[in-house]
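One structure follows; several queries about it will come next.
The chains carry the letters A, B and C, assigned in the order they are written, with residues numbered from 1 in each.
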Amino acid sequence: MARAVTTQHKTIATAAAWIVALLIFFPILYTIITAFKSEQEAIQGFSLIPSGTIESFREVQAQSGYFHFFLNSVILSVGSTILALIVAIPAAWSMAFSPTKRTKDILMWMLSTKMMPAVAVLFPIYLIFRDTGLLDSRFGLMIMLMLINLPIVVWMLYTYFREIPGEILEAARMDGASLWGEIWYVLTPIAVPGIASTMLLNIILAWNEAFWTIRLTTTEAAPLTAFISSFSSPQGLFWAKLSAASTLAIAPILIMGWFSQKQLVRGLTFGAVK
Amino acid sequence: MKLRTLVLGLCSASALAFAAHAETITIATVNNGDMVRMQKLTDDFTAKNPDIQLEWVTLEENVLRERVTTDIATKGGQYDVMTIGTYEVPIWAKQQWLLPLDNLGADYDAADIIPAIAGGLTADGKLYAAPFYGESSFVMYRKDLMEKAGLTMPDAPTWEFIGDAARKMTDRAADINGVCLRGKAGWGENMAFLTAMSNSFGARWFDENWKPQFDQPEWKQTLDTYVTLMKDAGPSGASSNGFNENLALFQQGKCGMWIDATVAASFVSNPKDSTVADKVGYALAPDNGLGKRGNWLWAWSLAIPAGTQKAEAAQKFVSWATSKAYLDLVASKEGWANVPPGTRTSLYANPEYQKAAPFAKMTLDSINAADPTKPTIKPVPYTGVQFVAIPEFQGLGTTVGQLFSAALAGQMSVDDALKQAQDAATATMTEGGYIQ
Amino acid sequence: MATRQTSNLARFMLAPSVILLFIWMIVPLAFTLWFSFQQYNPLNPIRDGFIGFSNYLLFFNNPAFAASIINTLLIVVSVLLITIIGGILLALLLDQPMWGQGMVRILVISPFFVMPPVAALVWKNMIMHPGYGVFADIARFFGAQPVDWFAQYPLFSIILIVAWQWLPFATLILLTSLQSLDGEQKEAAEMDGAGFFSRFIYLTLPHLSRAITVVVLIQTIFLLAVYAEILVTTNGGPGYASTNLPFLVYQKALLEFKIGQASAGGIIAVILANIVAFFAMRAVGKNLDK
């Protein structure tokens, strides 16, 4: 009897969850479908079955070689994430294990640096980048993206580190571990899930950053956000081509997100669980 | 890999370092069909100039404008060739941000450039940008629907005729709208159309003392005509329609008439994309019997920023892309119908082009009917047909465009929109020091 | 435990982050402050110079200013409400036993991976377009007139797009928190005969309060800066109906190239953000200290 109720309950939950999930996913799904339509098909009304042509992908590729932009997106998002982790891990460690009265204020202040609207500082930043020769350089943009996401990274790591019981460290210290040893051999392994999920979140944020990556690049360092900008509203029919370009731009991060979903979720709590 | 990236980034002059071997010029361009086609034909240029490499930055119009303007204003030096419009050229030339194009080669034949277009790109007698393609605006209409409505489109219609025909052609049940016009806010979107239209009503943006004129009856008449016409015979959601949206509507057979850029003709008459390709007729933009027509003049042009280190290579490229030989190249590869229009007189004398492009004559007549130095009936202190060539116009035009778009969407009355436009224009002109 | 050595080391390890962020804050801020008192239009360099508070006055007197403040707050509050209420409901649903839970979760979090301009382009052209969008197709299927979303309900349309982007984030955080709810507690409550709603109100909701605070804090930071979605879809219009503060600053800076006014707008935005943040962070601070 109880079992029957459970099955019924499960069936209803499954149906409801799938309907909601498909609704939420629908815009992405429809974009992918449209990418495999011809331009004519794309504007001929609702249809979930494309003719399967890859003409749009071919045209998109011919107009702007995808690989160069893709590579830049990878380099920029991964590079800026590594830089951010190098700077943020010690900071988060220090705040989590040697908290002072001001720790919370420092954290909040860090977050507040994200409040300046990017566009208001474009001109000064552009001038600085011009004078330091960093315009259209991957390195300059990596620094930029690192600074933008650093507050979130520090905060996320801090909340994760804080959950690690202090006794473990004391035990390590008893064993005569140095402070650096403490961090790298004791703390880091425990913190790996948190670091991994911070890393994933930061890669996603950096990959999707679309203000600075367009304004500070020309060709050399231009990532997929710039790639998309060449398809957004040209003259003539563009629905299928736009869909193909969009699919190409989001596919890598979407697939990465799907595969690392579990890791991402594990640390994505900002200390909110307990 | 990573190390290399770092090193490359750090030694910022990397672009210059590479240039020692083969010069690489960076070209910023808009993502329109003709420019994309040019990108594909790059091989022809590099074959003729093996020491020059081309790097393309293709961007959507708004982003392109934002990027090149930021770069040239701060002398960022990111581009060697920029695609800009007739709006920017006079302003930038005056700031001495552009190099005069005085070395385009012996066989370039600058005299062949259509005078109305060349006029918009010349300052102090020097050419500051070479036109890649030029356009005016005209009426495209469905011959079959016109016939069904029992009307004949004259070559040079009046607004009265257009209004009458649009209402007669409208058939809501069959999803046919009498007329499709731009409604999307933007100085290059609805304001291009409305400013050109207002010229034929005798309106002007400013009087000789830069006093805004939105409080004058001519503007009210323009906007009233536009809003009621669109209400009676326009498509739903017109206030977010720009060139592309209207193009798609027309190609799907949902518009009786469409007044827009002459370059649209090659799209609507192309059977591959258009369901009405064989039913399209063309006519000059309408007038009101006052001696001015409501058509604009625009040319996407290639210019060289004054800061470039590679002026010579850049000029070679500009010369190649805007030459007669380039037109022949496109014709041989993709047919005469795909040649970038509106730049050279000789193209319009070419019988092959006339055959491939039935809209050729009407395009040339439209271009010639526009006069950027005397855009409307009353005298004005500015140049530009559908724009005012002052730096403040981009912002002001867009603000006014938003107000007029709101009037079209029915969120604001015509009178309120005009009043707010007048206030915004007065504020901008006072701030800019035009009005003392 | 905090020996002198460790606290020195701690300070030393904190320093790079603090110094970097301090530079990153102070340099642009200083430039912006300086520009906000200048008449600086790179397209019209003849009229440069110090002009006192004129930029601020011009920005305040701009008819779009009041609308932009209201719209900014409307976007933040509406998106927060939608994502938190929607996120809790979704989290409750996803917490149920079901078939294909992993796949469902993947589908639900996907929008979070889509870059904002792509999200906006997709919604604008594929979903909400009055001619070719799916919504229009549905409307026509039922014989109704398609709605022109961006003209008739511009702010609502933008809120919808932004909420779609942030719903996965809220759901994920809330779901993780929900799953950490002690099973025994839940069962005990069930035994006591507590119905679903009373369990939700007295047990689940208090447990979720910290997760909700985190969602509010993180999202507020990003939502105050929404601008790409507006640029791609409505361009702030019709009229000023969907202009928010970042977009207004964008218009001043990159359309009109009035850098002085844009900088004044930037300073105003920082002040506004800090006022909002002050309240948000007080609440968060309290909640996080528990």
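Simple rule for what comes next: a residue touches a chain if its C-beta (ideal position, glycine included) is under 8 Å from a C-beta of that chain, and two chains touch if they have at least 3 such contacts.
All of these numbers come straight from a predicted model, not from anything done at the bench.
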| item | value |
| --- | --- |
| Chain of greatest Cα-centre distance to chain A | B |
| Winner on C-beta contact pairs when B-C is weighed against A-C | A-C |
| Chain centre separation (chain B, chain C; CA means) in Å | 36 |
| Centre-to-centre distance between chain C and chain A (centres being mean Cα positions), rounded to whole Å | 16 |
| Contacts with 2+ other chains: residues of chain C | 42, 131-132, 254 |
| Per-residue multi-chain contacts in chain B, two or more chains | 66, 70, 74, 248 |
| Residue numbers of chain A (touch at least two other chains) | 43, 122-123, 229, 232 |
| Complex contact set, residues of chain C against chain A | 1-2, 5-7, 9-11, 13-14, 16-18, 20-21, 24-25, 27-29, 31-32, 35, 42, 90, 93-94, 96-119, 121-123, 125-127, 131-132, 134, 137-138, 141, 164, 167-168, 172-173, 175-177, 180, 210-211, 213-214, 217-218, 221, 224-225, 227-228, 232, 245-246, 249-250, 253-254, 259, 262-263, 265-267, 269-270, 273-274, 277, 281, 285, 288-289 |
| Footprint of chain C on chain B - complex, ascending | 62, 66, 69-70, 73-74, 91, 95, 184-186, 235-237, 239-240, 245, 248-249, 254, 391-392, 394-396, 398-399, 401-403, 405-406, 408-409, 411-412, 420, 423-424, 427, 431-433 |
| Interfacial residue positions of chain B with respect to chain A in the complex | 1-2, 5-6, 8-15, 26, 28, 31-33, 36, 39-40, 55-61, 63, 66-67, 70, 74-79, 242-244, 247-248, 251-252, 263-264, 267, 273 |
| Interface residues, chain A side, partner chain C - complex | 6, 9-10, 13-14, 16-18, 20-22, 24-28, 30-31, 34, 42-43, 45-46, 87-88, 90-91, 93-95, 97-98, 100, 104, 106, 108, 110-125, 128, 147, 150-152, 154, 166, 170, 179, 204, 207-208, 210-211, 224-225, 228-229, 232, 239, 242-243, 246, 249-250, 253-254, 256-258, 261, 264-265, 268-274 |
| Chain C - residues contacting chain B, complex | 41-45, 47, 58, 61, 63-64, 130-132, 145-146, 148, 150-152, 231, 234-241, 251-252, 254-258 |
